[in-house]
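Chain nomenclature is as follows: A, B, C and D, assigned in order of appearance, with residue numbering initiated at 1 for each chain independently.
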Amino acid sequence: MSRDFDIADLPSNWGRWGVDDELGTLNLITDSVRARAAEQVRTGRSVSLAMPVDPASMMGGPFAPPTPASPPVQQAMLYTGTPPMAMAEVLILAPHHAGLTHLDAVVHVPIDGHVYPGRPLAETVTPSGIRHGSTTAFADGVVTRGVLLDLSPEGRLPKAHPVTGADLAAAARRNGVQVEPGDALVVRGGWSTARNMGEQMPGMTVDALTWMRDHDVALYAGDIGDAHPPVDEQIAMPLHQVGLARMGMPLIDLAEVEELSSVCASQNRFTFLLSIAPLRLRGATGVPVNPLAIF
Amino acid sequence: MSRDFDIADLPSNWGRWGVDDELGTLNLITDSVRARAAEQVRTGRSVSLAMPVDPASMMGGPFAPPTPASPPVQQAMLYTGTPPMAMAEVLILAPHHAGLTHLDAVVHVPIDGHVYPGRPLAETVTPSGIRHGSTTAFADGVVTRGVLLDLSPEGRLPKAHPVTGADLAAAARRNGVQVEPGDALVVRGGWSTARNMGEQMPGMTVDALTWMRDHDVALYAGDIGDAHPPVDEQIAMPLHQVGLARMGMPLIDLAEVEELSSVCASQNRFTFLLSIAPLRLRGATGVPVNPLAIF
Amino acid sequence: MSRDFDIADLPSNWGRWGVDDELGTLNLITDSVRARAAEQVRTGRSVSLAMPVDPASMMGGPFAPPTPASPPVQQAMLYTGTPPMAMAEVLILAPHHAGLTHLDAVVHVPIDGHVYPGRPLAETVTPSGIRHGSTTAFADGVVTRGVLLDLSPEGRLPKAHPVTGADLAAAARRNGVQVEPGDALVVRGGWSTARNMGEQMPGMTVDALTWMRDHDVALYAGDIGDAHPPVDEQIAMPLHQVGLARMGMPLIDLAEVEELSSVCASQNRFTFLLSIAPLRLRGATGVPVNPLAIF
Amino acid sequence: MSRDFDIADLPSNWGRWGVDDELGTLNLITDSVRARAAEQVRTGRSVSLAMPVDPASMMGGPFAPPTPASPPVQQAMLYTGTPPMAMAEVLILAPHHAGLTHLDAVVHVPIDGHVYPGRPLAETVTPSGIRHGSTTAFADGVVTRGVLLDLSPEGRLPKAHPVTGADLAAAARRNGVQVEPGDALVVRGGWSTARNMGEQMPGMTVDALTWMRDHDVALYAGDIGDAHPPVDEQIAMPLHQVGLARMGMPLIDLAEVEELSSVCASQNRFTFLLSIAPLRLRGATGVPVNPLAIF
């Protein structure tokens, strides 16, 4: 892809926390940010931001019904003897699958052959494994204040709408919230149920990423993300190529936010404790997650 | 296994929440229990109760170093073109693996061919999938107050020690805590680092399970669990056969509690917000988790 | 399934080659049988009896097209560095899948809880592996004379037709062949292309199995096999429950025989060298194969 | 890797059978070659050239013994109900694994970013699959005359010995055989049992590959192959980079030839019918095989 601009002009945190940093914007989530986040809890209601997933049986054939095409999770239920002493399975997961709410590590996508904070991909991901920027950074979970920005409270954003910083600012004003350093941004575009319809979805722009960088957002989650085909004229996949690769900001792809937004609306508050606890898996490029919003 | 007692005498919640119940003791975690749990947070420090896991590369052969035997997680890093547009992988997991901190669903282990709350295993787990008592129950996560009971603050429990209700009560007194309905019990026996040494580990007894039932514990997590060989004369695997199958109490096997216990000791408090967010995966018998204790 | 007959009345080879035998009817393929089989070769033409299989990519998601539902083989193409030093993959196979021509080991199906030659299934297949009757028996391949019996040269057998010994004898007469001890029987019912149409297929009966036993057939391959729903009033799945479990006769499920039958017709001979070389895999219940008929 | 020679000087079949050819040297195996090969059979004895493989159980944990590190084949025995109606499994294979006798497709290894017959790798292997030079070429199996060249009848070749065309010619003279167009070359270096000892193995050179090209060898199989570290000063992995990528000659890696060589010696003949029947799998870079030599 040829481009008529310099990637150095894109918003970035390369070097901000040193050349060996793997946490990226998770550096912004300090103990005091977490303590303040817990103060959000009042009613104790818990809401999942993950799509439910039915694993596809690996048995198939004459013994079981056919499974869906390209499943995100497969399950092989194991024989443990006759009679069985316990039920257990093997699971096969495709973490970045479009049917799975998941958290991207910063190494997931390079920009011009480099990953956050400026390392050559070829040296960072070798046949022996990932040396930098993997899910290792998520060891202690991500617990912070979540802020819902509902970009289209009355329905859904228009097709192929390019979301800008002004859109995010307007939603914050509308909901009466201020995004503060270390917050997780949860974006609703109203497209949860339309994801597989083949319509041209709205998506983030470099301008929106610049806004996130200026507000020191620690993590992005949304029911919209990078649009295919792209909606930013400057660069394809700004959330991935700029957010991950330049800013070191982990992303939750394919969050489910409909229940969240109705709870926010009914309680008339748009902030909550957000608790994300990915498997403590080192050296992966992403993991499925079940982000919990607690009110 | 022949037994000289009636399973009906074992502590049980069969029928307590109806014959169709899948939540078991998670029914005890109400909104108010969650709200009170969040009040535990003061400093914002977050501690993981999961063992870290390095996935084993599936490449092997001449291209990469050999992987360990029987790995809990395997990773096949995918080719996405030349040059690669993104890095992604397929993961293969064995949820109940001894190298993986995981959450057991109640269907995982039957007692006398029946699973909680009294259903025949053969009808509950069919070639088409699991019909009852699976990880479906964990959709909204498990967020509650955690209570650490350190059974051996000075070191580790003796080999093959049968943990009783009196042991649990003594630890609660020592740490100045009261276990309340809906709490998650986090047990430290001091055996984290010895798990693979082939020594006879301590383990829970039916007496301890009765104590948990009497205190309405919602979930068990520990660095010890069911001992192999068994330490209870009455029944093998009481946590699994009684806790899961009779009481409907989900279990976290193989929790890592050393860092937790030092934070508790240094802060001189043994209660905290415990947030567990398993993949929102329906129909599995268990899932790996990264339980987070937030102080 | 209740039955009003004694399984001891079914054709059987239990005990014929001893209680520890794992070869079953492969015992009938001696060196001289193989040497005679090689004499069948005249033109050198080679025909595959396997259905071709396209592996389903495990990448899926935004990076590749969706895969078919319940695929028999999945492929994860591996990242081997940038630039790649070699292309390699991981394959996931379901050997008994209806989309895969495969060879069943005798342990695959029990009758009344017992597998050939009369061992209890529970002791034969344990959580630690298969102790008897697995693919271990196929180590040196299966090379013998193949005999095509075309049951319906003008088209296909009627729906739900119960194939009897008389049908097999009539086809042998029609094609001018005599089935001899150690031969592999290759049966054409003309249903290759209709396998997935949901129609009631024809299938083998105990009577046909008795004929095979009387002719000392060493191996069965066919484009028809056991019918679902069953066509034999006496027993469901006679090829599997009688052929495998009682007679110890390995089966090739889902052979592709259309090209074979046209070559036979055009050369006007219905015998050939049949060479089957399953992976030298020990301890499995079946393996995909590519049986080769050489004329 | 910088090189001081032109790859155009390496032995090659690029263009010999057209720019769209996928068969490579398998084009040399005609019907008459196959018919002549079958004439080799006299006694009917069948010998496998594959290493036996024990699949590693995917159960592990407390339910089964640990599996070896980096296994070539893994097996998940499936639960099919209580009682089980059949025994079946899922298999996971790494076709190019050093513990698996396997057949390389020509696309497996590129030279200077190109695969046989001169196509850019990046266009040939895409995220959607392999477009050229895969295992699709093996649909009808590989059946031809095999010729054993025993390079070291009295024992094993010296460490790090660079095998030349003269070595091959000397072995042919010693064994009284002439290699003819379409033959499969089966090479014994005497290193079968030493493969994992970490010793510097002998290996093929460009000179040996030139000899194979001059004799129109259709396929290579051996207990030695490309040495690591390399023994040819000109190029690493000549069998792969020259044999596969330049000559389009499929390779059997890791053949087991000890039993074969004793049968050849005892029968005092070094030619036989070689029957190779890989899974009829399209679009893979390699498949495990069980090559059968029939005498």
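Operating definition for what follows: a contact is a pair of C-beta atoms (placed from the backbone, for glycine too) under 8 Å apart; a residue touches a chain by one contact, two chains touch by 3 or more.
On a predicted model such as this, the values are computed, not experimentally measured, just so you know.
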Note to self: What's the minimum number of touch steps needed to get from chain B to chain D?
What the structure shows: 1
Next item on the list: Have a look at C-D versus B-C and report the one with more C-beta pairs in contact.
Entry: C-D
Item checked: Interface numbering overlap (same over half, different under half) for chain A and chain B -> same
Next item on the list: Take the average of all CA coordinates in chain B, do the same for chain C, and state the distance between these two points in whole angstrom.
Entry: 45
Item checked: Separation of chain C from chain D, taking each centre as the mean of its C-alpha atoms, in whole Å -> 27
Item checked: Multi-chain contact residues (two or more partners), chain D -> 58-59, 61, 63, 77, 79-80, 82-88, 90, 92, 94, 96, 121, 125, 127
Note to self: Graph shape for the chains shown, where an edge means the two chains touch. Line, ring, star, complete, or other?
What the structure shows: complete
Checklist line | chain C-touching residues of chain A, taken from the complex the two chains share | finding: 56, 58-62, 66-70, 72, 79-82, 85, 92, 94, 96-98, 121-122, 125-127, 228
Notebook entry, point to check: Inside the complex, what are the residues of chain D that reach chain C?
Noted result: 30-39, 41-48, 50-55, 57, 59, 63-65, 73, 75, 77, 83-96, 101, 107-110, 113, 121, 125, 127-130, 139-141, 143, 240, 273, 275-286, 288-292, 294
Checklist line | Complex contact set, residues of chain C against chain B | finding: 58-59, 61, 63, 76-80, 82-88, 90
